[in-house]
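Heads up, the next two complexes both have subunit A, just with different partners, subunit B and then subunit C.
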Partner chain A sequence: MRIFLSLVVLAVIAVGIGKTLMEIPFGEDTTNVGGYYIQSGRDDTGAANIVTSVVVGYRAFDTLGEVTVLFVAAVGLGAVLAVGSASGRRRDVEPASLVLYTGCRFLFPLILLFGAYIFIHGHLTPGGGFQGGAIVASAFLLVYLGCRGRRIRHGWSKATESLGGLVFVGLGLLGLTAAGHFFLSNYLPKGTVNHLFSAGIIPIIYVAIGFKVGAELAGVIDDLVEESE
Partner chain B sequence: MSFLESYAYYVGAFGLILIGLLVILVKRNLIKIIIGLSILDTGVNLFLISVGYLASGTAPIFSREGIDSGSMVDPVPQALVLTAIVIGVAVLALALGLAVRLYQNYGTLDMRKIKELKW
Partner chain C sequence: MIILVSLLVLLMLCAAIAALVFRDLLAAVIASCVVSLLASILFYFLHAPDVAMAEASIGAALVTAIFVIALGRTRRYEE
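The block that comes next holds the complex of A and B.
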């Protein structure tokens, strides 16, 4: 009965959506906003990657809100798992073998380097702060899985996270006062498109986001691993 | 062009969304419901990306001089999905944390046995 009811609900939704989607042509140019961004994104923001110029240039305020959502979710996870967590029931985990341990220690800095490359070149190549941050967090996940018993220091993780957020907000507020005229305006010199030092505040903000997301996701992994042991 | 050929991405994306909804509605194990939520999330992301797709378009990146800006796909849905994926990960982690806490309180992940969540 329950399954039948659910299927009826889904069928209604599917018919409604299907009728609407028939009106939206697939693979054709359907919007104007995106066209404007592509035409003038390079001149407005100086970033070669138009997706980046949308995320950190035109819609940087959205991104600030999104970083806040991520922060709230990470803090919420920490709060949910910290309340009443039984202490002293931690089992002694078997240490990892030498091969696994050495392999993890060898790969850890390389993955960090790759993540840093991704978020430093966010305005030139596919990638950016969020993707690079996720790669940095995956390096920590490798260490947690491979070298069991190793932990990140909470002080460092929290400090990195806060610093990333503060740089983002601080740069935005400077845009209100110094040379710019609105929150998160791009007031630094834009330089030549397709060079590493270009696009004004965009690379700085993306590096800050990279550190913040990396620290936050590593903290999430830390919370979950701690809970499962 | 046949129907499936021209709407393959929409069909796939909404297939994923409907599968996710079905899992959420039918399953009673909390972990499976969270998996359904994740499938739904993937479907929504795929749908947004396919709305912005341009037939034989390129990535919206001016990686070298002389790239035709007319053939670039719409960057706005890509920017939205970029943020949606990160939010999806955060929501997934929070949901799993709540599931862990519920399991510790009730000793089960079955929704029927967790009294407050019965329907």
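The block that comes next holds the complex of A and C.
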């Protein structure tokens, strides 16, 4: 009986998905907005990377929502793990070998530099604040795995995170004061396309997002590693 | 191009099935990491370098690390 019921449910879902997929014209451009972004994204926002011109230019408000979701998730994880570990005991962990320790310490600044490059050049080359922030967090992960016992200071990561969010919202609110602009509109001079200092507020916002995401993900890893020791 | 993409998709399918079949959960986590890594290579060949970067750094590195840390707290072998 149960097998029969699950088969019926499976058939209904399969028919539903099949019908829906038949209706979608794959490979055709059904909306005009994508074509418009590709055509005039470069002139409108001054960013050479069209993905960035959409993410931080046209859809900056969505990105603010995304950053907020990430923040709430990180805070929620920290709260859940803090409830579980009331004891606060610390076992002595076996130290890593010298080769591993030195290798991790050598690689750490290089990975940080690469992450910073990714989010500073978000408006010119592929990548941006989220990708760069994730790479920065993976540098901290390497330190946690290789140089055991080393920790980031919680105060610093929280302060960086808050500062990133404040810069993002503050820049957006500053746009409201300028005449004829809206929340998160690009009111700074756009400069020459393909230059580092171009595209108005986009690089500043991406640097803020990079610091924020990096601090948040490093905090998540810190919470998990601390819990597991 | 089409051969390369189909090869990558086939390898991804193999790794995904392996992740389901393995009884050793650490091996299953590594197999799902391979799925993410191949997906990021696929994104790169489909001219989406932004997504490829996000997939490689989050899907292959951070998620795998979180799973491995979680495995350290629980059992390694599936019953």
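Quick note on the criterion: the second predicted complex is superposed on the first by the 207 of 229 C-alpha atoms of A that agree within 3 Å, B and C clash if a C-alpha of one lies under 4 Å from a C-alpha of the other, contacts with A are read in each partner's own complex, and residues count from 1 in each chain.
Just so we're on the same page, a contact is a pair of C-beta atoms (placed from the backbone, for glycine too) under 8 Å apart; a residue touches a chain by one contact, two chains touch by 3 or more.
Because the structure is a prediction, the values reported are computed rather than measured.
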Superposed partners subunit B and subunit C on subunit A - clash or fit: fit
Larger contact residue set on subunit A - subunit B or subunit C: B
Partner chain(s) touched by A:His121 [first = subunit B, second = subunit C, both, neither]: neither
Which of subunit B and subunit C A:Lys190 touches, first, second, both or neither: neither
Which of subunit B and subunit C A:Val69 touches, first, second, both or neither: first
Spatial angle subunit C-subunit A-subunit B, Cα centroids [nearest 10 degrees]: 40
Which of subunit B and subunit C A:Phe26 touches, first, second, both or neither: first
First (subunit B), second (subunit C), both or neither touched by A:Lys212: neither
Partner chain in contact with A:Phe130 - subunit B first, subunit C second, else both or neither: both
Subunit B versus subunit C as contact partner of A:Ser138, first or second or both or neither: second
Touching partner for A:Val225 - first (subunit B), second (subunit C), both, neither: second
After superposition on chain A, the shortest CA separation from subunit B to subunit C (Å): 5
Subunit C-contacting residues of subunit A that also contact subunit B: 49, 51, 126, 128, 130-131, 134, 217, 220, 224, 227
Of all residues in subunit A, those that touch subunit C in their complex: 49, 51, 118, 126-128, 130-131, 134-135, 137-138, 141, 145, 217, 220-221, 224-225, 227-228
Subunit A partner contacts - residues on subunit B that touch it in the complex: 6-7, 9-10, 14, 18, 21-22, 25-26, 50-55, 59-64, 69, 72, 74-79, 82-83, 85-87, 89-91, 93-94, 96-98, 100-101
Interfacial residue positions of subunit A with respect to subunit B in the complex: 2-3, 6-7, 9-10, 13-14, 17-18, 21-22, 24, 26-31, 33-35, 37-39, 41-42, 48-51, 53-55, 59, 62-63, 66, 69-70, 73-74, 76-77, 80-81, 83, 124-126, 128, 130-131, 134, 193-194, 213, 217, 220, 223-224, 227
Complex contact set, residues of subunit C against subunit A: 49-50, 52-54, 57-58, 61-62, 65-66, 69-70, 72-73
